[in-house]
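Please find one structure pasted underneath; my questions will follow.
Chains here go by letter, A, B, C, D, E and F, matching the order in which they are written, and residues are numbered from 1 within each.
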Amino acid sequence: MFKAVFPGSFDPPTLGHMNIIERASFLFDELVVIIAENRQKRYFFSAQERLDMMQELVKPWKNVSAIIWDHLIVDYMKQENIRLMVRGVRGMDDFSYEFELSMMNKALYPHIETLFMTTDPKYFVLRSSSIRELASFHGDVSAMVPPLVAEALHRKNP
Amino acid sequence: MFKAVFPGSFDPPTLGHMNIIERASFLFDELVVIIAENRQKRYFFSAQERLDMMQELVKPWKNVSAIIWDHLIVDYMKQENIRLMVRGVRGMDDFSYEFELSMMNKALYPHIETLFMTTDPKYFVLRSSSIRELASFHGDVSAMVPPLVAEALHRKNP
Amino acid sequence: MFKAVFPGSFDPPTLGHMNIIERASFLFDELVVIIAENRQKRYFFSAQERLDMMQELVKPWKNVSAIIWDHLIVDYMKQENIRLMVRGVRGMDDFSYEFELSMMNKALYPHIETLFMTTDPKYFVLRSSSIRELASFHGDVSAMVPPLVAEALHRKNP
Amino acid sequence: MFKAVFPGSFDPPTLGHMNIIERASFLFDELVVIIAENRQKRYFFSAQERLDMMQELVKPWKNVSAIIWDHLIVDYMKQENIRLMVRGVRGMDDFSYEFELSMMNKALYPHIETLFMTTDPKYFVLRSSSIRELASFHGDVSAMVPPLVAEALHRKNP
Amino acid sequence: MFKAVFPGSFDPPTLGHMNIIERASFLFDELVVIIAENRQKRYFFSAQERLDMMQELVKPWKNVSAIIWDHLIVDYMKQENIRLMVRGVRGMDDFSYEFELSMMNKALYPHIETLFMTTDPKYFVLRSSSIRELASFHGDVSAMVPPLVAEALHRKNP
Amino acid sequence: MFKAVFPGSFDPPTLGHMNIIERASFLFDELVVIIAENRQKRYFFSAQERLDMMQELVKPWKNVSAIIWDHLIVDYMKQENIRLMVRGVRGMDDFSYEFELSMMNKALYPHIETLFMTTDPKYFVLRSSSIRELASFHGDVSAMVPPLVAEALHRKNP
């Protein structure tokens, strides 16, 4: 029985995130999408908004759930006895950061295994921060995020 | 009749920027330097100050003009029917960011071609943010920016 | 009247190369594809074979031609009074090499401008060496190279 | 029932490889270590020697086996109906190559998932080629490879 | 008589910093640890707190001292007639930034030599910002910073 | 009394190498340039030719000498009780390789300190392999190597 977590800010969720979730849902018995909430950071969408969007988006997969977590990710994994963490990487820049993060996590919880999955090339441009900026200019984000996220972005950028 | 844009923050313009502008002025019939103004970002020099400096600096080249633009760069290019965007890259770090940006722009406007030009090695250190920091310590920036920019920096760092 | 060269080994030409050629054919009045022949290197296809394939492939564009050149690329550019060199980059690794090469070329011929164009993400995997290796295992290369190249690869890997 | 492959040259196997194998043996129901044999490449140890070493080394894990394969890795995966490939990455350089390889493999077999695991920092220096070179100078490789590999290297470098 | 500086924010000092200081103390006759204070940046620990911690930490090495400096580092080096600057690099990301910084410094003071030392792999994860974030979640930082820093972090994150 | 080694293939020595040697000669009491000779590699200039060139080139600095060494560099350092190794890095690619090499060397000889010096931007293009290739095409290498090396290259490429 393999359980894995897929943590992130998801501010907002992108088609790239959903691509990783879909593929990971086939690899593990259970996948928990963790909406990270760090009280020292500022988000565009609140934790509750991000959770609501994600819970709607993961409905197609019965073995995928979503939660908010405002402590260390490794603390959730220890508490739930989960050893696997999935991370999507779009290229070198992502990997450099993820590589360091995975070593930090392993130092905190040696039983963790971080599994990196590469994002499909067609989703390379889907960085959440770029999408937020694009939406602030009323650019067309419909090919980058699920419809319900596109609507949420439009509501926030009237 | 080839027209190209050269967008950037130019906060402030550096000798590296001017090197790209000079070389690009020979490659295209017309070159528009776009002073990007993003209302969600904070600049050291105002858009008008950056435009005034740039317009003074590009006077030597008859086919180069400068404008302020506060929407998506691709929107200007669509409106003016310009397909070419010039970007200067100083090394790996720049390229990584520029590469992603070019793919985002192409997703928004498939007719765009981003042409990357490499900065001459002697201009490698001329990052606008570093020059601003240097000027804040009253360091000597005279070898890094045109004289009128050096003066503007000194006036802002009394 | 802007002329540009697009040099490479083209051993063999890939759909990624053809994508760059097609896009560059719209940017310049004339584009010369240079089949580089370095007598100290070993090629899978002979220079004549690579030229034959390329000449067939560029027929759709009236302003594109192909030649073999076995000296320094900058010597051809000097001789033909061409200042523009186009290079396609697929990502960080390519760029690192190309960046150095462009500086070397500029040291040899200061009037050169190397213009980098990014390859479309769907062509990222089309490295000639990988395609040759794939063909040697009788893998399916039909989505990676033009049909006439696929046939040539099959003939060489019976 | 999750089966995964862990392909490589293993010329020779290092402690870094064994670290990945040990950790992956806990993640999958079955793990097949594939000794890649490419007839166009030259190896220091023959395929049979590499297989003999690996089979001895994986004895502690009941769900791990080793085979020689001289075609495309994806052909083995298709034939055995295995969708998961494990790859160890030690840093940026490895990842750059692996990233491209994973996209090539996905182009050949869309059902493949490549899962990247990061090597523990203490195994960063264990590149097989460096170990071979070190052994050729009679350097001490005992902290880098399993004892039976160290002996094999000494026998080959009398 | 070789004197060197080792500048940084040290917000807070990590075991990685101390590893560099210890090794550098053997290489130079005198080593000055410079606590950089930039009035336009925000720090977690005040300059005085960082100095107090560092002065306590460097007591074991008689030839190492610590100071606060709120101007350009090169100004201190010019004033004290010191030509050597030591920087620790943990990997590619660090190096990219450090490389550019070293060129900037050399442009400001051509006599400077920046000597890069690589951090031991076991200290790779010790980025000050990550440690501050970890401490804010009450994570265990005892293996990452000296005991007196761990205590200071706990006092600041009650 | 600080002694350092500066190892390399020096096939041939470039102005970039000489720039590092000149600067390092001021940092250490004694600097030994080690001409690495690996019997499993092929060189353009023989070890004796490379030594003859280097010995001529380092004559201006009384504290610099040159030797041939065909074992592990760390063996020479142990034998001579030298702990410092100088390496020049021109950018990210160099650093990636050098970083790994320094960790390998430290694993073999924990007392080693590798000090990285950055090459001046004007010497970025001076890779020995590129210079050899350029010389094979009778390109002008006079701005890249010392005169005696330029002559040696011309003699070898009649």
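Basically, contacts are C-beta pairs under 8 Å (C-beta built on N, C-alpha and C of every residue); 3 or more make two chains touch, one makes a residue touch a chain.
None of the values given here were measured: they were computed from a predicted structure.
Engineer: Starting from the defined contact criterion, work out which chains touch subunit B and subunit D both, please.
Structural biologist: Correct list: A, C, E, F.
Engineer: Hey, what chains does subunit E share as contacts with subunit F?
Structural biologist: Looking at subunit F and subunit E together, the chains touching each of them are B, D.
Engineer: What is the distance in Å between the mean C-alpha positions of subunit B and subunit C?
Structural biologist: Measuring from centre to centre gives 30 Å for this pair.
Engineer: Using mean CA coordinates as chain centres, what's the subunit C-subunit E distance in Å?
Structural biologist: Distance between chain centres, rounded to whole Å: 47 Å.
Engineer: Using CA atom averages as chain centres, what separation in Å is found between subunit D and subunit E?
Structural biologist: 39
Engineer: If I count partner chains per residue in subunit A, which residues reach a count of at least 2?
Structural biologist: Residues 91-92, 96, 103, 121, 124 of subunit A touch two or more partner chains.
Engineer: Output every touching chain pair, sorted by label.
Structural biologist: Every pair of chains meeting the touch criterion: A-B, A-C, A-D, A-E, B-C, B-E, B-F, C-D, C-F, D-E, D-F, E-F.
Engineer: Considering only the defined contacts, which subunit D positions touch subunit A in the complex?
Structural biologist: 2, 23, 27, 84, 89, 91-92, 95-96, 99, 102-103, 106, 113-118, 120-121
Engineer: Subunit D touches which residues of subunit E in the complex?
Structural biologist: 91-92, 121-122, 124
Engineer: Okay, in this complex, where on subunit F does subunit D touch?
Structural biologist: Within the complex, subunit F touches subunit D at residues 38, 40, 71-72, 74-75, 96-97, 100, 103-104, 107-108.
Engineer: Can you list the subunit C residues touching subunit D in their complex?
Structural biologist: Of all residues in subunit C, those touching subunit D are 91-93, 124-125, 127, 130, 133-134, 136-137, 139-140, 143-144.
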